[in-house]
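Before we start, here is the structure in question, set down as structure tokens.
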Amino acid sequence: MKKFMNDAEQFLSESLAGFVAVHADVVALGEGGLYVSRAAPNKAKVALISGGGSGHEPLHAGFVGTGMLDAACPGQVFTSPTPDQMLAAANAVGGAPGVLFIVKNYSGDCMNFEMAAELYEGKIATVLVNDDVAVEDSTWTTGRRGVAGTMIVEKIVGAAAEAGKSLDELKALGDRVVAATRSMGVALTSCTVPAAGKPTFTLGEDEMEMGVGIHGEPGRRRVKLTSAKTIAGEMVEAIVADIAKSGVTGGPIILLVNGFGGTPAGELYLMAEMARTDLAARGFTLARMIVGNYITSLDMAGCSITITAVDDALLALWDAPVKTAGLVWG
Amino acid sequence: MSSTDAAQTGLTIEALTKAIDAVVATIVDHASELTDLDMAIGDGDHGLNMKRGFEAVRGAAAKIAAQTPADALKTIGTTLIMTVGGASGPLYGSLFLAMSKAVADRPIDLVVAAEMLEAGIQAVQSRGKSHAGEKTMLETLIPVGAALTAAGPAADPAALTAALKAAAAAGAASTVPLRASKGRASFLGERSIGHMDPGARSSELMVGAVCDAFFAPAP
Amino acid sequence: MKKFMNDAEQFLSESLAGFVAVHADVVALGEGGLYVSRAAPNKAKVALISGGGSGHEPLHAGFVGTGMLDAACPGQVFTSPTPDQMLAAANAVGGAPGVLFIVKNYSGDCMNFEMAAELYEGKIATVLVNDDVAVEDSTWTTGRRGVAGTMIVEKIVGAAAEAGKSLDELKALGDRVVAATRSMGVALTSCTVPAAGKPTFTLGEDEMEMGVGIHGEPGRRRVKLTSAKTIAGEMVEAIVADIAKSGVTGGPIILLVNGFGGTPAGELYLMAEMARTDLAARGFTLARMIVGNYITSLDMAGCSITITAVDDALLALWDAPVKTAGLVWG
Amino acid sequence: MSSTDAAQTGLTIEALTKAIDAVVATIVDHASELTDLDMAIGDGDHGLNMKRGFEAVRGAAAKIAAQTPADALKTIGTTLIMTVGGASGPLYGSLFLAMSKAVADRPIDLVVAAEMLEAGIQAVQSRGKSHAGEKTMLETLIPVGAALTAAGPAADPAALTAALKAAAAAGAASTVPLRASKGRASFLGERSIGHMDPGARSSELMVGAVCDAFFAPAP
């Protein structure tokens, strides 16, 4: 394992210390390091709180700030945070308008956030993100995984929260964005969890994992590495086929091409070019595009493609100003 | 304690402390096995999660030593919830919290212990929205609960240990051919078949350690 | 080689096509793909033009936009651009106030920009960036290499150009920032040039290259991988020792911890924490800190540490608004 | 052409075209060798740069065929400058541009050719701010220039070819023990010693191909 670290036990706290020091104008570390909140919390609005296992930076702490989250709870690497973290965060940033949890759909995350919600004494609601089309949604599964689409949900709902929307409105908006969002990922290499010290899985020199999860979970199938155009085409096909079931077969979308941490920008833009031209040929309008490392899997080489079907109202929320460590505009 | 002691005076905090030590030791010993199992069909953190959680429980030993068994179980549950994370944290945490609640101020004999375990299993099921056959820790816990209930108030310690361990081992082994429909492994679909569930294995380890601590003849 | 690409020949043009499509609000592709310019050029100010081999994204095209560069010329991967590119860019974005080239100190880059400067008919000056302390500056060398400090030079000079400073003032400012800037890099893995198809160098499972260049050039020495604290300490020591020669032994600095492309954010923030505490203990004031993948080396795992000694005037220029694909604030 | 032809009628565009083809062929053939040399002490692109540049020169073949030799050399120089990039692009580009300029409307015989090459080498030195002994392409070019000058107006083709090739080979080989003080390899300090300079090798290849094209007896 080749990583910049001192020891695995301290990896998270030392990394977090660097993060809050570098972004002290935007974020602050909560008591006991249980959560990261805005440097200047605003209890007059609904508080958006997310969190999950670490190793996906900038998600979630990198999306804390004006126009997006109010707090984020970092779990151990790839392990959901514990209820006391979310409870402390909710008590710190939640006010009368209530608290909205944004949770990626994994058993662990769901249960831990659920316990926190049971313990929290104020108004609370939860939006579950489940955008990964790689996993079929059947009686066999606990539903689809939540992956890169989470950033889009956090951005859009964050803008609406900043605009003073009510908890009910935000919950409904979040559910609507989730319903309009689909993702699929592909890995060229495994990631290595610091505490594990060895790669989570192994791929041959000419293999890739199509449909990989953001923790290195196996995907749909292991296949031979092929051209960027073919890879992007297969991902777009899966996404488009899935969203078609909900009646979306074209129209304006946000396209997110997300790197998993080990893939350089040059390759991500190339994949964006492949996805963009493919989607355009299928009748989608590329209303907005965003490319970069936003929801990573430690040092995994690979990327995901996400689309969210939008209308003018959602686009206005997407375009609204945001000032976080990981996303800045407006 | 022996089962006779338990029947007469109830579970003591000393016996519980000894059991905690045994569980911590076995979890620490098997952490990398649990992690490997979780790498195959999950995200490879189950051993680390359990190790972190039970080391924290051991860290609370002084506090626990001064508590009643019921309060000690509550401390264990809360500690696990606050340190394990992942799916297993809330589940094992809920198990111990529910067991604590089920004591209801009674001395803990084998009958009460069986009631407690059943309550704990019930809590896992409601927290996990899960039931037998979904390739989870419940595959181990449910038959162990049944075996303890079936043993009755005056079971022979050696026979009970054997019965509980056998139920646990069979339960964990039974997960291998199952297809997961709960937890992270469910995302794998067919590919989850052929691997042992890490949570079922950690439950087996815990059951074994507790039996040895409670029922093994003092050295 | 595991990369998202179609074929090596098309890598650059396809990636660039994605880049300009995604950032069409900020940049436009020049005629024949020779350069990337601002979407809305402003000939009333001095035009800042940079460029160099590709594979360092977001440098340089990602720094084209208001408050930073006016145009960037992307060469082939790790190969300096050709004079016709800089000439076309200068003719497109240069006006009466003149053109300033910002060039990293490599023979190839120097000569190609020099030929372009000879051919350009308007007012022109050049700032050479040579911030890499890994290479000793002796009679044996062509001076130090230009590396991650380039971003700081482009940002500060870009802000001054936006404020209407003259070509002479900007040239003097650029030289001053270069003189105040030092960097050092370390690689945990090699990079792989798409057209080469194999890693540029090979490191053992427990080795790192201390003092590596941004093209995978060998550094000071190949050593055993050690703790983040020790690695950061050695880099900081080299930087501090070098800048001390110019009389700087403390005071306010900008700290840049730059990822080489294959290292995830969590590790970069951890390195930032190590560098920050080390520098603070040595009497430096961390006036500004920035962490991320800014000057990359394709998929190389590793990072560099850069410091620039600043005063209030330089800080004000650093803080001035910038709107590019790779850097946005204010 | 034979050296006798050259002495009488000067270099023809046909001969130059044949030489271009030979250079392109040898550069393409040796691209990966050049890249490997550049990987050892540079950034591993010299073979790719040269291949891209000379393929572009071949792409300009139709244009070149309609030009005078002097203009053809200018086209070659400009094409290299616009396509090679890196350090070698401006240097080889300057070499050919200066050679073109040195023709000065004269027929190109061996004496003029020697003058041209010397002018080209001079241009490389001023563009590169470099001189002999710095472990660059000049290690090859300078002795080749000297050998051509020494050969005089009526050299025997076979002997001249042998002399120029020997000078080129010795020049390239001489770079191995040198420590680089120009170009990317200079950053390596001591570690540049023991490797052949890629530019010196590409110059050797070009000299060999040109000799063969000009002086080899027609098949």
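Going by the order they are written in, the chains are A, B, C and D; count residues from 1 in each one.
Everything below uses one rule, namely that contacts are C-beta pairs under 8 Å (C-beta built on N, C-alpha and C of every residue); 3 or more make two chains touch, one makes a residue touch a chain.
Chain identities (UniProt): A, C = Dihydroxyacetone kinase subunit DhaK; B, D = Dihydroxyacetone kinase subunit L.
This structure is a prediction, so every number in the text was calculated from the model and none was measured.
Shared contacts of chain A and chain B, meaning chains that touch the two of them, come down to nothing at all.
Look at where the CA atoms of chain C average out and do the same for chain D: the two points lie 33 Å apart. Chain A and chain C have Cα centroids lying 29 Å from one another.
Between chain A and chain D the centroid-to-centroid distance comes to 56 Å (mean Cα coordinates, whole Å). One simple way to say how far apart two chains are is to compare their mean CA positions; for chain B and chain D this gives 78 Å. For chain A, the set of residues that touch two or more other chains is empty. Taken pair by pair, the chains that touch are A-B, A-C, C-D.
Contact residues on chain A toward chain B in their complex (touch as defined above): 53, 75-84, 106-108, 111-112, 114-115, 135-136, 139-142, 145, 193, 195-196, 200-201, 213, 215-218.
Listing the residues of chain A that touch chain C in their complex gives 2-7, 11-12, 14-19, 21-22, 54-55, 57-58, 62, 188-189, 205, 208, 225, 227-229, 231, 261-274, 276, 286, 289-291, 293, 296, 298-299, 301, 303, 328-329.
Put simply, chain B touches chain A in their complex at residues 35, 39, 42-45, 48-49, 52, 81-91, 93, 127-128, 179-184, 186-189, 191.
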